[in-house]
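Note that the chains take the letters A, B and C in the order they are written out, and that residue 1 is the start of every chain.
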Amino acid sequence: MRECAWRLPAAVTLLSWYMLLAGLAWMAPYSWREQHRDFPAAPPTRIRMVDPAGEWRMPFVCKMVPSSDSVGSYGEDCRVRYPVSLLQPAGDGRMVLFRAESPGLLFLFGTDDLGRDVFSRSLAGGTVTFATGLLATMVALLLAILGGCLAGLLGGWPDLMISRGAELLMALPVLYVLLALRAALPIQTPPAVAFALAVGLISILGWARPARLLRGVVMSTRNEGYVMAARGFGAGPIYLLRKHIFPRLRGVLGAQAAILIPEFMLVEVALSFLGLGVAEPVPSWGTMLSSVQYDLVADRRWWLGFPAVLLTLSILLSGQVARTLELQLQPVAVAPEES
Amino acid sequence: MSEALLVARELAKRHRAACALGGVSLSIGAEESLAIVGESGCGKSTLLRCLAGLERPDTGSVVFEGVVVWRLRGEQRKRFCRGVQLVLQDAARALNPWWNGLALVREPMDLLRSDLSRQERDVVARRWLERVGLPASVTERLPGELSGGQRQRLLLARAMTLEPAVLLLDEPLAGLDPPIQRDILDLLQELRRDRPLATVLVTHSLGAAAHCAERIAVMRSGVIVELQSMDSFFSGPQHLYSQEILAGWQARQANFVPGPPIKSGGPTH
Amino acid sequence: MWVHFLLTRLLQAAVTLGLLSFFCFALFDWIPGDFLTDAEASPAVSSATLEGLRDRYGLDSPLGTRYARWLDGLSRGDLGPSLSYQTDAMALLLPRLGATVLLNLVALVVALLVALPLATFAAQRPDSWLAQGAGRGMQASLAIPEIVLVLLILAMAQAYGLPLPGGAAARAETGWLGGLPSLAVGLVAPVLALSVGIAPTYFRHMRAAWSEALAESYVLAARQAGLPPKVVRWRYLFPAAANPLISLLGNSLGSTLSASLLVETVTGWPGLGPLLLEAVFSRDTYVVVGAVMFAASAQMAGNLAADLAIRRIDPRIRS
């Protein structure tokens, strides 16, 4: 019962979380490719409300001064203040979430080696990762519907081929096979091609489990009395699929989507983490994290771990929603009740 | 007996290794009523499904109005479906649990009566629901919310919307209490009185068979061992197996005389 | 009966591996370019050398011939040459497979040692603070993606001076026995990263299975009859909970292997993962195929072992 009460909020939270990511990516303070060459590896900018004289003011940031002795260490000159404003139109016509009055700079989560704003890149990278997960899920589920319905309805050798194919795929360690397939394809590709390859490969490897589930549902539905009865009314396969079988699949599909999206997002992250997904300069949480490996502790640049926090939050939320959806969408059994 | 409507010739079918039908021939005339009895697993249901064109026999053929049923396509198949209707065993499973009563009763017409408009179909569906004695509220209910007897009536209404010439009934009384069984049999008789209708009733109860059929076929292990008029069956069954089941039935009748329901606290025997 | 089962499964595995390897070959064949494409671009390599290399590795022969030659080699325990290491792929891969299997086994054992006692305790005393705390902790670590987990462990290892396997492996080359201590030290970080990722799944399933078994009427009857708790635990509860646990073991091997690839790559554990990745980037075809074959065989072997164990433990499945 408690799960039921949380069902709607959970789904809404998840949806708004991803919409927020995509929306914020659009409203990010900087572009994901904009390099601030004078400010590489800058720590998060502090937003202050008290000026050196001890007076309260509207939020502002101080002028950032690169220190002369080493790259990546900065001082602040608070005699020069830049007020922070929310929801301001930027030069390129976008509405920007927040920004410091130029020429002030506000890096909420610092910058990377090339002086790019980690906050803006995290949002854009999240969009790439989420889009990969979402698209791969959609393609995989389409394949699964096709395979599951063909196998479940036709039976015989199509069923044998599809089921065995799915079992074969499930008997293999996904990441290894993914890497092998990726190895056969060109490594250096434009970002769009790499994105398409990631979506394609993930969905080709991922259709097996939902297809088997759907096949099971189709098979059990096909043997239901009411399907037999409809056939007695002269119903053809299209009618049966549309009226009796698809409505049963909807619940399974919803639950599977909720499970697969985070799973595929993680595969995308792994792929681009290993350098085989979308590549620089296009961000994805995976590529961003792969650079963290070396910098996180050695150079004490903890702020580069921000995408990891976002990723964990997303997976956490998705997991909750998947669990509640799974509970909700289980087919309702009809209470057998005799007079 | 009048001319044959539906004829089965030498039907044989195997389910994996087991023999489900071993050469059954049968003919059903217009307005005739036939009962098929036999223990469970003797091939009764398979026979009905073959007659309804839902299963294909391995050998032999089913002929409706002079045409082999399995070859039918398109309009001819529709004609056959409207002419021969099967009421499936297990009413709880034969109704899609997510559809309400109206949609369920309308489904056969949606598929086979494209000549009727949606409104007309609704009207016919409501009329049949009323005719089988279901309250109007059933249109909004799901099968899970109906009683077993109501579900069986719903199945009958569904089949009757097509006004078939032959109605095949597969164990329509299974799982129902005796008074409800009686009601269903009475309803069946009324339906037959209303219009020309041939019925084939598959049951394991001789009582039900005697109540509403003129002829009886006794099945055992996939073959019909005896096919008789009801009267001569009860007066002197030919086959050994028929004698056995008749004797068994008569013994039960003698032991348990169906009387008025026993009131709680009253004496028990 | 079980011989028949074993043979069927082995045959299935062989077919799977055959299809997979052929598919890899076909794909490599279909996509233009090979290991030598990069070499062609460099002016330092003469075209005669290139031709010689192509001839030597048979890169120009048709797909069928190459695959047949590979299969033939396979029957003699030869996985083909490593193009970039100029050596046998088998010689390269075997120690790596050993390292991967070692890491996975140790991580699995550690995870089970932590998860199972906790889970049985949590099932028996669901209201105790330990059970509650363990449940919360496991749920939290289940939500952390493996990749984040590895990075966290890496950061901690660097911060607290824990030696990473990269260096340990180098020292281990002095000899198996001599390298053992450093090997053990090198295992700590990757095992930690891997087992923290595995443990919650086992915890959850074991807790569910154990509390389900506790509610079974035959278990209640046994307790009612006054059997000592130890007997009830080992003769009644454990067999009932073992079946779901073992099937989980079999089913989750694939994801454990995939997680292990990430862990190995990040922490520098000399397993199949880093080698595969390297081979992918240098288009070292035979090494890629070999590594995938080994990983797939490892998973299928684990699956098969789990199925055999279940058939042994659960009398209901044998028939």
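Methods note: a contact is a pair of C-beta atoms (placed from the backbone, for glycine too) under 8 Å apart; a residue touches a chain by one contact, two chains touch by 3 or more.
Here the structure is a predicted model, which means the values were calculated and not measured.
Visitor: Find the chain most remote from chain C, comparing centres computed as mean CA coordinates.
Guide: Using the mean of the C-alpha atoms as each chain's centre, the farthest one from chain C is B.
Visitor: Which interface, named by its two chains, has the most contact pairs?
Guide: Comparing chain pairs, contacts are most numerous for A-C.
Visitor: Can you give the whole-Å distance between the Cα centres of chain B and chain C?
Guide: 58
Visitor: Just curious, how far off is chain B from chain A if you go by their C-alpha centres, in Å?
Guide: 56
Visitor: Take the average of all CA coordinates in chain A, do the same for chain C, and state the distance between these two points in whole angstrom.
Guide: Whole-Å distance between the two chain centres: 26.
Visitor: List the residues on chain A that touch chain C in their complex, please.
Guide: 168, 170-177, 179-187, 266, 269-270, 273-276, 286, 289, 292-293, 296-298, 305, 308, 311-312, 315-316, 319
Visitor: Sort out for me which residues of chain C touch chain A in the complex.
Guide: For this pair, the touching residues of chain C are 13, 16, 19-20, 24, 27-28, 30-31, 33, 142-148, 151, 154-155, 158-159, 253-255, 257-258, 261-262, 265-266, 272, 276-277, 279-281, 283, 285, 288-289, 291-292, 295-296, 298-300, 303.
Visitor: Please name which positions on chain B make contact with chain A in the complex.
Guide: 52-54, 77-78, 81, 85-86, 88-90, 92-98, 107-108, 111-112, 142-144, 147-150, 158, 162, 175-177, 180
Visitor: Which of the residues in chain A come into contact with chain B in the complex?
Guide: Touch residues, chain A against chain B: 224-226, 228-235, 239, 244, 247, 332, 334-339.
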